[in-house]
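We just call them A, B, C and D in the order they show up, numbering each chain from 1.
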Amino acid sequence: MVPVSYYVALSAILFTIGALGVLIRRNPLIIFMSIELMLNAANLAMVAFARIYTVLEGQIFVFFVMTVAAAEVAVGLALIVAIFRTKHSINIDEMNSLKG
Amino acid sequence: MTFFYLAPWIVFFPVIGLLVNMIFGGRFSEKVIGTVASLASGLAFVCSVLLAYSLTGHPEAFRWTIGEWIHIGTLQLDWTFRVDTLSTTMMLVVSGVGTLIHIYAIGYMHEDVRFKSDLKRFRRFFVFLNLFIAAMMILVGGDSYLMLFVGWEGVGLCSFLLIGFWYEMDTLARPSWANSNAAKKAMIANRIGDFGFLIASFLMFWAFHSLQFDQVFQQAPAIAASNPGLITAITLFLLLGVTGKSAQIPLFVWLPDAMAGPTPVSALIHAATMVTAGVYLIARSAALYVTVPAAQFIVAMVGALTAIFAATIAVGQYDIKKVLAYSTISQLGFMVAGVGMGAFAAGMFHLVTHAFFKALLFLSAGSVILGMERGHHHLAHHKGHDEHGDPHEEVFDPNDMRNMGGLRKTMPVTFWVYLIGALALAGIFPFAGFWSKDEILANAQQGGFTAVYWLLAIAAFFTAFYMGRQIWMVFFGEPRHEAAAHAEESPKVVTVPLMVLAALSVVGGALNLPGVETLTKWLEHTVEFIKPSEFIMSVALISTALALIAIFISWLLYGRKPLKAGEVDPLKKMLGPIFTGMERRWFVDEGYKALFIDRYVDIARFTADVIDWKFWHDWFHEKVIAGTYNWLSNVMLNRYADQRGIDGFFNGLGEWTKNAAAGLRRFQNGFVRSYALFVLIGVVAILGYLLFK
Amino acid sequence: MEFILQPLTLMTFFPLLGVLVLLFIPSEKKNAMRWTALIASLITFLISIWVLTMFNASNPDLQLVAKYNWITVAGWNIQYYLGIDGLSILLVLLTTFLSPISILSTWTAVEERVKEFMIFFLLLEVGMTGVFLAQDLFLFYVFWEFTLVPMYFLIGIWGGPRRIYAALKFFLYTMAGSILMLLAILWLGIYQGTFSVPDLITKGGIDPHTQLWLFIAFAAAFAIKVPMWPLHSWLPDAHVEAPTAGSVILAGVLLKMGTYGFLRFNLTLFPQAAVQAAPVIAVLAVIGIIYGAAVSYAQADIKKLVAYSSVSHLGFVMLGLFALNPQGIQGGILQMINHGLSTGALFLLVGMVYEQTHTREFKVYGGLWKVTPIFGTIFLIVSLSSMGLPGLNGFVGEFTILLGTFGSTVLHSPWYAGLAALGVIMAAVYILYMFQKIFMGPEGSIVEEVKKHGHALRDLNWREIVTIVPLLIFIFWIGLYPAPFFHLMAPSVDKLTAAFQAAALAMR
Amino acid sequence: MTPDLIAFFVLALIAIAAALGMLLSRNAVYSALFLVLNFGTVAVFYILLDAPFIALTQVSVYAGAIMVLFLFVIMLLGTETLPASKALPWQRPLAFILALILAGEAGYLLFFRNVTSGTIPQPVQTFGGPQALGQALFNQYLLPFEITSVLLLVAMVGAVVLTIKKKGEQ
């Protein structure tokens, strides 16, 4: 039996990679994927904790996270498409019109 | 067999008639519209007859409630119709004369030069006429002062609408505000009277705790004994209402202007029925008036003064309808004086006969006007083609008696009926006017109202004179205008009602012949205070003699040597400025305008422009409120308190904030990625804090 | 669920559902928005009819009460407390009745920012209904102030050329009065320990001197809203600049909030002060009647004339209320309804003609009766109703008010009614002037002017007739058979006047 | 080293490698495919953690639906690669430093604070099965469950509204 803490460690690594992806990539699609990766990492940790304490709520929560993620992807991708239509580019560094 | 349940139908029939014409009238022809309206009025007449018939076997007042109206605490008012001998008398007059005039109007309106085949106008006229009948029926059929008031104002409205019927032109069909001004004047004068009526009803309610006739009259003697001033006040305020509606001094000025309406309207509303509502009101309130002799005297004096004052003006008029209008005012003065003296039967009697002969006179005058217009039209068509497009280039007034003359030959039927009417009005034996006028005079002499008696007698003299003058000027002599020479007789639909009315004017006196006194006995059931009047031979002789003398003088002046075209009125040559006074209505209108109307307009303008707008709205609001506020905020605080202490502190704070913001602004670079970076810094920092705290 | 299904709560907040739907309609679908707003307000009206069927007219007390604790901090007991009784039911019905009519009147008049207009309008309806139903002073104040915001925008965005000025003036005047009222409300809440109006009435026991001060504080807010002379100077500005629907609601309902406030709070909470202050209020009311009527007559702008006539008409209402007897108060309440119907209808009609001619100056009008007969006839009926012609609604109200005032034991002088009755004559002067200048006389220059722009002046179309006919029905109904209306309010008014008799006795 | 552990480490390595692959690929299509691989391995972990239902959902929703959506959009926009950018020069090094700190903190938390020590009880047979999850979702968590349906609806409407082409636009 694998110690459950390993899973948590894996989740931490994946989360860090995801965060790094958000910070260093300029393609919003990849940023999005990174966000998905972070969510997945969190899910993994949650399932692992559910296993440790044998409570179902952890899994239930993962279920809801997935739903939210699905909704978020739908809206987010739609936003990207809409932005692409107006700016003809999706380079995230070109979207700085909110500059103070 | 009684038909009392028909009481509300005297109102419903005209209302149904007007609704039918209003809703479906667009598809009807002139004939159908006229027939519907006349039928509605005629059915109301039939109802009235049946009601009167029912009363013969059951003379007490009958009340028929159709619905609740205003019930608040002790104020209990219902829609109740009252059928008694007084109200049915009025109903018969209103619907009877009304129906005849409806029929006449079918012909008249078609002929009117201003009509121009506008079917909508035709329909509107009959809708208004039916509305008038309905309102008048409410007036005479109501069982409380307030329901009477509903009709009272309702007929005022109809009067407004019908005077202003040709609202966009004057009597000569030129574009003008004149008719609508006349309409407005009538309504406002009436409203002043209504003000009196309202105050009277308030006084009455708080004295008697009711406005229902029976309840008021029952308590009247007791209250008159304890507080006669109150009853006097009530009766005098009612008198103000009467002077408005029945065109007495001081509110009579609207009636002559009301002649702007179509002639059937003048006949129906402004001669036969509506203007007599005031007389009806006093007769109805007999129980109140008899308790306060002082008020009775005032009423009688107002009536008598009006009678003579208006009669003098009538002498100086040239417009055929204006003469009749002043004559109406004068005759209303007779009636008011009659009922004021307590001679209720005599007043009502004169009301009925006057309805006959004055309606006749007006309608015949309408016939004359139509004849003149036809003559003029005829003329315009024959006179060459160049002015065909505009036949009214030369201003021709078909109402002006100076343009007439010699119509006896061209319009014989009209002449004869007119003559009958004139004789009746002048009080010549045995026409209707003789009996009724005589009864009033007899009552005046008998009741000790000597001043009233002489005033009325002189007024009767003037009456005979101006009617004689009119007859000579219109029908005798030579035509003074080519239109008069080419005048044509009116069609049957116009002349037949005239003949019916003429017959009534001849035999109307039979209603209350001395010794028989049908009307007095009939009214006795309702008005308990009727004094049995006697026939006084001396009075009859004096008045007849005066009338004959007047007619003789008028013959001397106008008949013996007929007026030529363009010639000055012989009376003017004789009387000079006095005649000018008569002609210009003793300058009453000008006086009212200068004293009241212009003053009111000035006050209203001043209040609106200066007080309300310049002072209150602009100066007070802008300068005082807004100005003070600005002054306080800008000058006071800014200069003294602010700039030194508070300002310094807050300016410093502001500067600091500005600088800090300028520094922090750099973080706000618009790149999402760097925002995310800052978020991560936060996450790392918080996590670190949690781990190593 | 139980909360929202209370009939009164549902009626008050139902327009919000319309607002919600409106938010989802794309801004170019103007007709869909109009229909949505119309249907929302119509359903609200139906709910109010449902409320009417549940209302027991013989019960003088509050009915269909919805009562919940709202803010209970620091010993304050602020409640969500709605209730309806004979004093308010007619005004509630008037509100829900006039709202769909006003919306219908904007169909072609408002073409810009339709969504915002409709949203503000429905919000306004929520506020107005709430004002008439709230039985907790704090809740009342919230609704009272809430009505200001939508009205401010209605005038300020869709108004005439000086709309900003007018909107600001309207807002500031009303606010200024409300602040005093807020102070008085807080005083009551702190020293009497409750904001609930029925509790305050049963508790009573405020000494007469304090009562008078509280009375004045409340009166300041209401008198500006009514507006009583001499606080009326915001009214002509607001009316002239407001869009038609705004004017209708302003005249029809918002002004009634002031008179209703006097009735609901000043009279019930401070009966002794009311008895003391009655002569002063009555004098101001009489001056308002005569002043308003005189000033109306001298106006050159149709809408301004109607606006000033409101000052006169509401003077009648105030006079009736402060006669403090059943005739006066019932007449006063009925006159509130009458004014809402007649003046509302007048504003509608003026708006209808303005939509075509774009001018309201009398001097260019004249002879329109011939061009637009249906319009002329309807205008005539409405004018006559406003003038108080017997058989139409205005008369019943005016007569009962004057009758009540004449015999009022509190005012104790016939002069008030006598002078106020002069207003009846003066009303005839300005109303007939208005009717004559627009519809009679020779054809005015405007007819040609309109023709120049392509279309001839047209008569009312079906939508406009549908808008105005319901008002006409009530004008006739109240005039001929006002009994149902009096029955609705009689028990509550009797209860109120009984309190005054007690107060008058206590003062002796 | 039990076979369990070996399998775990292999899979964990694949997962991390796939994640890094996603992070470092120049082409977005490759990134997406790497992410699919990562999701697949995570699904296996779920099975190992007695969460079969979640595992299957992971495969069908994430690896299936969501990633297909991503691929669609990538293809649709046709911008698989982006040119280099001069903006934010200090972003990248700072990000790496932060990531390292974050990973360090996580490791410290896991292995020095010993949060997961102690024996882990064996769950009942049905733990994490569809039946157990369904029971919980439709009883205790009914309201949140219903709200998610509204959320999805709103997201759908939002996506349609954002991407719809108005009349007159090209």
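The definition used in the following text is that contacts are C-beta pairs under 8 Å (C-beta built on N, C-alpha and C of every residue); 3 or more make two chains touch, one makes a residue touch a chain.
The structure displayed is predicted, hence computed values, not measured ones.
Engineer: According to the touch definition, list the chains common to the neighbour sets of chain B and chain D.
Structural biologist: Shared contacts of chain B and chain D: A.
Engineer: State the pair with the higher C-beta contact count; candidates are B-C and A-D.
Structural biologist: Output for the comparison: A-D.
Engineer: Rounded to the nearest whole Å, what is the centre-to-centre distance of chain B and chain C, using the mean of the C-alpha atoms as each centre?
Structural biologist: Here chain B and chain C have centroids separated by 34 Å.
Engineer: Chain A to chain D: how many Å between their CA centres?
Structural biologist: Centre separation, chain A to chain D: 6 Å.
Engineer: Report the inter-centroid distance (CA atoms only) between chain A and chain C in whole Å.
Structural biologist: Distance between chain centres, rounded to whole Å: 58 Å.
Engineer: Where in chain C do residues touch two or more other chains at once?
Structural biologist: Within chain C, no residue contacts more than one other chain.
Engineer: Two-or-more-chain contact residues of chain B, please, as numbers and ranges.
Structural biologist: Counting only residues that touch two or more other chains, chain B contributes 671, 673, 677, 680.
Engineer: Which residues does chain D have that touch at least 2 chains other than itself?
Structural biologist: 87-88, 91, 94-95, 98, 102, in rising order.
Engineer: Touching pairs of chains, all of them, please.
Structural biologist: Chain pairs that touch: A-B, A-D, B-C, B-D.
Engineer: Flag every residue of chain D that touches chain A in the complex, lowest number first.
Structural biologist: Residues 2, 4-5, 8, 12, 15-16, 19-20, 22-23, 28, 31-32, 35, 38-39, 42, 45-46, 48-51, 53-54, 57-58, 61-62, 65-66, 69-70, 73-74, 76-77, 79, 82-83, 85, 87-88, 91-92, 94-96, 98-99, 102-103, 106-107, 110-111, 115-116, 120-121, 123, 127-128, 132-133, 136-137, 141, 144, 148, 151-152, 154-156, 158-160, 162-163.
Engineer: For chain A, which residues are in contact with chain D within the complex?
Structural biologist: Of all residues in chain A, those touching chain D are 1-10, 12-21, 23-27, 29-30, 32-34, 36-37, 40, 43-44, 47-48, 50-52, 54, 56-57, 59-60, 62-64, 66-75, 77-82, 84, 89-91, 93.
Engineer: Please give the residue numbers of chain D that touch chain B in the complex, ascending.
Structural biologist: Within the complex, chain D contacts chain B at residues 87-88, 91, 94-95, 98, 101-102, 105, 108-109, 113.
Engineer: Note which residues of chain A are touching chain B in the complex, please.
Structural biologist: For chain A paired with chain B, touching residues are 19, 22-23, 26, 31, 92-93, 95-100.
Engineer: Tell me, which parts of chain B touch chain C in their complex?
Structural biologist: My answer: residues 67-73, 75, 79, 120, 124, 146, 149-150, 152-154, 157, 160, 164, 167-169, 175-177, 179-181, 183-184, 187-188, 191-192, 194-195, 198-199, 201-203, 205-206, 600-601, 603-605, 607-609, 612, 616-617, 620-621.
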